[in-house]
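Below are two complexes that have subunit A in common, paired first with subunit B and then with subunit C.
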Partner chain A sequence: MTAENHTAPLLEVSELSLVYRGASRSLPIVRNVNFSLDHGEVLGIIGESGAGKSSIGNAVIGLLAPGIAQTAGTIRLEGTALEAVDGEARRALRGRAIASIFQDPSSSLDPLMTVGAQLDETIAALSPELSRSDVRARAIQLLERVGIPDAPRRHHSYPHQLSGGQRQRIVIAMALAGAPSLIVADEPTSALDATVQKQILHVLKGLVQDHGLSILLITHDMGVIAEIADRVVVMKDGAVIEQGATAALLQAPQDPYTQRLLAAVPKLRSVHPDPASPGVGAREPILVVENLSKSFGGRSILDLFGAGKPHFALRDIGFRVPRAGVLGIVGESGSGKSTIGRILAGLESAEADRIELDGQRCDISHRNRAGSLLGRVQMIFQDPSSALNPRLTVAQALTECARATAPAGEDTSQAAVRARVIETIERLGLQTLHLDRFPHQLSGGQKQRVCIARALLARPKIVIADEPTSALDVSVQAEILALLKETVAENRLSMIFISHDLAVVQDICDDVCVMRNGRIEDYGSSDFIFGQSENPYTRHLIDARPKILAA
Partner chain B sequence: MMALFKVIAGRLYQAFLLLAVMSLVGFVGIHSVGNPVYNVVNIETATPEDIRRATELLGLDLPLWRQYFVFLQNLATGSFGISYIYHQPAFALVMSKLPATFELAAVAMIVATVTGTGLGLLAGTRPGSRLDRVVVAATVYALSVPSFWLSMMLILLCAVTTGWFPSGGRGSTAEFLGWDWSFLTIDGLRHLVLPALALAIPNIALIARLARAGTVEVQRADFVRFCRAKGISDRRILFRHTLPNISLPIITIVGLQFGGMLAFAVVVESIFAWPGVGKLLIDSIQLLDRPVVVATLTLVALTFVVLNAIVDLLYAVLDPRVRISA
Partner chain C sequence: MEIINTMTRAPRRFLPVLTLPNAILALFVMAALAAPLLAPQNPYDLLQILGWEASSPPGTMSGNGYRYWLGTDGLGRDIASCILFGLRISLLVSVISAAVAAALGLTLGVAAAYFGGWVDAVIMRVVDLQLSLPTMLVALIAIVTLGPGVDRIILALIIVQWATYARVVRSVALSEAGKPYIDAVRTMPLSRGRIILRHLLPNSIAPAITLLPIEIGHAVALEATLSFLGLGVPMDQPSLGSTVANGFQYLLTGQYWISLFPGIALFTLIAAINFSGEDIRRLWDPRSRSL
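== the complex of A and B ==
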């Protein structure tokens, strides 16, 4: 490195263009992107799916996906153009100068190797001169630095024995093994719960403050940007829309796209509780659930190796869904919220003292039993892409559903069903031209609308929406939520809304149930939960949400 | 401890059930093919009286269910009966052929596993390359060629034309652990090469395909990408990360194929005149030598149960998710 490098920024990307070369045509992925990152700085790249942000990260690490090539521009690290470095030398840079953290810590680690061995191997690969015991000592030191308690013991753990947050800490420890100056973090917290996300961001922040590291943070989450980034680059369709200091950009976004992106982020309202507001149960319930429990505990050969005791996924759950109202169920992953959804949709069996739908007792002890909830409760799933049969057109999928659930005596002629289908999709903002499309020809938002139409066509007593917006981009999320709210109000529908996102729940629900480890931790009207509840876990969840500066 | 006991009990139950079924299959099967007595007496000289006495002597005059009952009684004393043809205890006869088959199958399987996994890894890390295409195409041929043709070609090319290897037999043996083994002498090893190859080649193809498919999948996994991003060398990624992750299906196949070879390598053993269990079984079926057939089938069933248990144990060794989660 020459002397002039002292003035060069740590990372400088200029006029970067990436192209995907397919068999038939080339597609631009990233066009003429410019940005730079200084020592000790966190630069956030934000954009929705397909914006090309991850490809930029891969280009910086030097691991572009097969088929993607850099056609123009340069990436300079401390003044040295990385295009000129290749093969073995480029590999030597990885881990040493540029380290990376990926989105999902569960898949970033080799499941068959202890995390300690993986960390040791990383250290040994980056510093071959160290002796075995030195490597081990350094590994323990790194584990302690990222906040793993009882590091020597955890060194012997396998990835599946650790929680998501601990796994991501291990991944960060590996990224630190080569004492890099730059970490490329691609959605480092997107697979984690809000409370864990906060801790991981705290660890990353500490690295920047204490060790002068720089982080290139790629995310779709404004909250994460607001929490940690010094500067932001907003990307859309492979091009930079806007960039600047985080605080300034969040407060006064210039570009309309950034403004829309910011406006679409669900925010918690501050609630001033009205003592006169009706409490839970004031309205007539359509669904009553009392003492619902579900345990898993199979008889398998694996019992040899594991404990044989049944594991309770749900314990003594009780709630009421108000008629023409929305009950929200919130909780972190593993809290059992989705299990409740599947049980109430009749897809899974469970034990309960009482399940009463619209005044009728229901039997949920076996799946698919007559008198169960199957069919009378409809689901909207998280990922619309996998909830629709890829081989059926929209019309086929919806007609099938309308026919199968039509009550006896209803006109199920081709024309009548088609009329119902068209009426339903038009109310949901789709057009007749969408009817002949296959799911892959629709956008994520359109697919979710089809799923909602499918649920409505069955004329359910209750709709269960299990994280219906989590797989969608922020701007689409807002549309779908508004649509759901409208639909509920227009049709006097009753709904159970399952989500990990408090702001969304507050926006749409009348009553809220907070779940934790298969039990109900807190239960009350939405205003009560968000305004008055003194339950420490509820407060903890609310506080863990990344705060976006006043927008 | 209780759980361990339950699993062992389950395995034993499974073994007993299998043994019962296999012995029944042997019994009913041989019974429906014909009467063994005509292979025991000399048809040309025997008088009806001789045949009657032989039938009584072998217990063949009893109804089949009584014969089976007698067999069970004998089994309780540890005897599978006496071979009608060789006049030796059937079980000891099978056991005397076992070392030959075992060493043949073991050598073939070791060659197949090492070569197949190696080829699969090489091809899987370079999908679409020339090497990959050659490996994939070659495996199709190797799997479709019938084993008798393969064996004869090996004899023709490597024994008859060139004279590199002997065309059949076991060669000289050396004693170890009370049994005679070919692999302990140079001559025996030379005799082992061709039959082992004939058994190994289809398995190389099978394992190479499995390994290739697994490698292609694992190479796309996030943790391999993360290893690259960490700066780990390709070699280490291949051997320390890819190999263990693709090995579970390979172990399953190796276990099954090995078990099959121990009993049913009939074609190869016959062509190479290898005095093994497969050859004994086919000869015994032809001669309606029921005690030997039943003893062989029972032993095969037992082998499969043991192999299955070993495969399960290896799973636990390789995959920590199967073990106790502490």
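== the complex of A and C ==
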């Protein structure tokens, strides 16, 4: 290595342009991007979907998707232009000099191999000279380095036996196997719960501080950037909008796009509780739920012998949804919050002492039974792409819903239904021209608007929104949230809002239920939960949120 | 700067309608439809057959004033005419049986996936049983018990084929049924039939569409095999398979043309059907239509 190489930054990307070559036209993905990354530094690339941030990461690793080509610019690693390196040498760089971590740890691990075997395989491939016992010793050392407790035992575990956070730690350990100087981390924490996300970011931070690693962190989440990035590159439509030191950029964003992006991030308000504010149950409830429980299993013949104990997914859940109000249900994944939504929408059966909707008792012990909640409760789902039938146009989907749920005696002629559909979608910010589109021809935000329109057209007593914004980009999230808030107020709708994001819940909900392991951990008015609650779990959730700024 | 990435390969975006397999297939279908007009001889009509011209080699002039371009078989039937009329029978039998088997398998597969429980268990155990019996054996038993005839062959082929569709479609329907859009329609007061037919079935049909041409090709081959064994369509209605079988005994005496030309036609037909299958699947998918 020459002295000149030491002065060069670890990674230098200059005038990088990537183009997607289709059969009929070429589409620029990334245009003239410049940035550099020094030893021991974390550089964050932030942008919304389609901004080209992942393609940059792939270009640095050397794994561009088929159809995408680098048409201009250079990527230099310690002064060496990567384009000049041939395929074989490039492959040798991967894992040794540059390693990568992907978003979903469950799909980047082989489910049929123990994590130890996968780690051993990686180490053996990168250093063939090591003996088997040395490989194993190194694997266990790596597992300990990423904070896996009881590493020798975990070495024999299969991926499904580990939690999401542990799986991501394993992926990080594999990335560290070749002692790389640069790790490209593409959305490393997006599939994880907030508390786990915090731990993983802590591990990554530790690697940078203790071992002088550099990380190219690609994310859509301002919180993640604020937590660990030293410098940020903001991207939009394939071009760099703004870059600079994280603290400075977050404090005083120059570009209007960055400002909008920052403003769109939901933030927790500090609450000054008003002792005069009404408590839970002060308002007339539209839905009363008492002692709702749901168990899986426990219906086999083994019960007779006292074997198979039923496993409770929900236990003794009770709450009230205020009329024309919003009840928020928060919790981490696996807490049972979505199951409540599915039961109330009539998609699953459960046992309860009392379910009363609008003064009427409801039977939820069987699906599709008369007197169930079916049709009177509508859902808005997390991922609008899979919540719409891909073979129906917007008009077909909405017309079907309007027809099916029309009360007896209403005019269901073609023209009347179409008029209602058009009126509804226009109120939700869509236009008539969207009616003839298929779902894949709409953007994520537009698809979610169609889903909201579908829920509204059914004229439900209650709308259940299950993480309605978490599959969307930050700026679209803000739009959809504002729209939901407005719709609820305008139509005097009652809503159950299920989310893992406390700030969003605080923004939109009157009452809040905190769930943990199938039970209600904390329940109260929004101001109470966020301002006064002394429940340790609630405090823990609030503290786990990445702090963007103490603004 | 030159293009660096060597892995670059733009995905195909256009829908190829005029490819060689499609053209060949279209030709076969048209030839089968127009057989009575195209064929110089009607091989079903004994009056048109000159017994003394049996086993003429290709290119011989006929006493009826036309040329036997592909020769004649042991009874004096023109091979070219036999191929044209045989195509009709082969295509008729295979298309009808594959279509009915697909419809049956689709319905049962989707129903098994949607209802689950005992419905699923019963349907899928029958499928397992059906698939564990050798295809040929099932067809043979069906023919032996039902008796010969074109309609019986079709029935036998349906019995043999439906289970494959049911199994393939069920696995896709199972994953589709778990998607939120099915949940969304289930929260509306819609009938189960409507949810299955309008929402679940069209989204689960792709593998059946891919399977259809393969199974049509399979049906052509199976019908040919049955005919070859003498259990297929009656001798007076020559299919491609029975024509090949006719020539089998003459192969040893050097009269290759009786088996060879129908054999080539059979092979080309099955190959063309299989190659066209992928295009048909892509046409079905709205996502590939609008790119």
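Rule of thumb we're sticking to: the second predicted complex is superposed on the first by the 537 of 551 C-alpha atoms of A that agree within 3 Å, B and C clash if a C-alpha of one lies under 4 Å from a C-alpha of the other, contacts with A are read in each partner's own complex, and residues count from 1 in each chain.
Keep this in mind: a residue touches a chain if its C-beta (ideal position, glycine included) is under 8 Å from a C-beta of that chain, and two chains touch if they have at least 3 such contacts.
The model shown is predicted, which means the values in this text are computed figures rather than measured ones.
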Clash-or-fit label for the pair subunit B, subunit C on subunit A:
fit
Examine A:Leu112 and indicate which partner it touches, taking first as subunit B and second as subunit C; both and neither are also allowed.
first
Vertex subunit A, arms to subunit B and subunit C (CA centres, degrees, nearest 10)
30
Thinking of the overlay built on chain A, is A:Ala177 touched by subunit B (first), by subunit C (second), by both, or by neither?
first
After the superposition on A, what does A:Gln506 contact: first (subunit B), second (subunit C), both or neither?
neither
Which partner does A:Arg94 contact after superposing on A: first (subunit B), second (subunit C), both, neither?
first
Pick one for A:Thr122: touches subunit B only (first), subunit C only (second), both, or neither.
first
Would you check which partner chain A:Ser214 touches, where first means subunit B only, second means subunit C only, and both and neither mean what they say?
neither
For A:Ser338, using the defined touch cut-off, is the partner it touches subunit B, subunit C, both, or neither? Pick first, second, both or neither.
neither
Check the residue A:Ala387 against both partner chains and state whether it touches subunit B (first), subunit C (second), both, or neither.
second
After the superposition on A, what does A:Ile61 contact: first (subunit B), second (subunit C), both or neither?
first
Can you work out, in whole Å, how close the C-alpha atoms of subunit B and subunit C get once everything is superposed?
5
On subunit A, the footprints of subunit B and subunit C overlap at residues none
In their complex, what parts of subunit A are in touch with subunit B?
61, 63, 91-96, 99-100, 102, 104, 107-114, 121-122, 125-126, 158, 160-161, 171, 174-175, 177-178, 301-306, 308
Can you list the residues on subunit C that touch subunit A in the complex?
1, 3-14, 179-181, 183-190, 198-199, 202-203, 286-287, 290
Touching residues (chain side subunit A, partner subunit C) in the complex:
21-24, 64, 66-73, 83, 87, 342, 345-347, 374-375, 377-379, 381-383, 386-392, 400-401, 404-405, 438, 440-441, 451, 454, 458
Would you mind writing out the residues of subunit B in touch with subunit A in their complex?
2-4, 6-7, 10, 221-223, 225-233, 236, 240-241, 244-245, 312, 316, 318-326
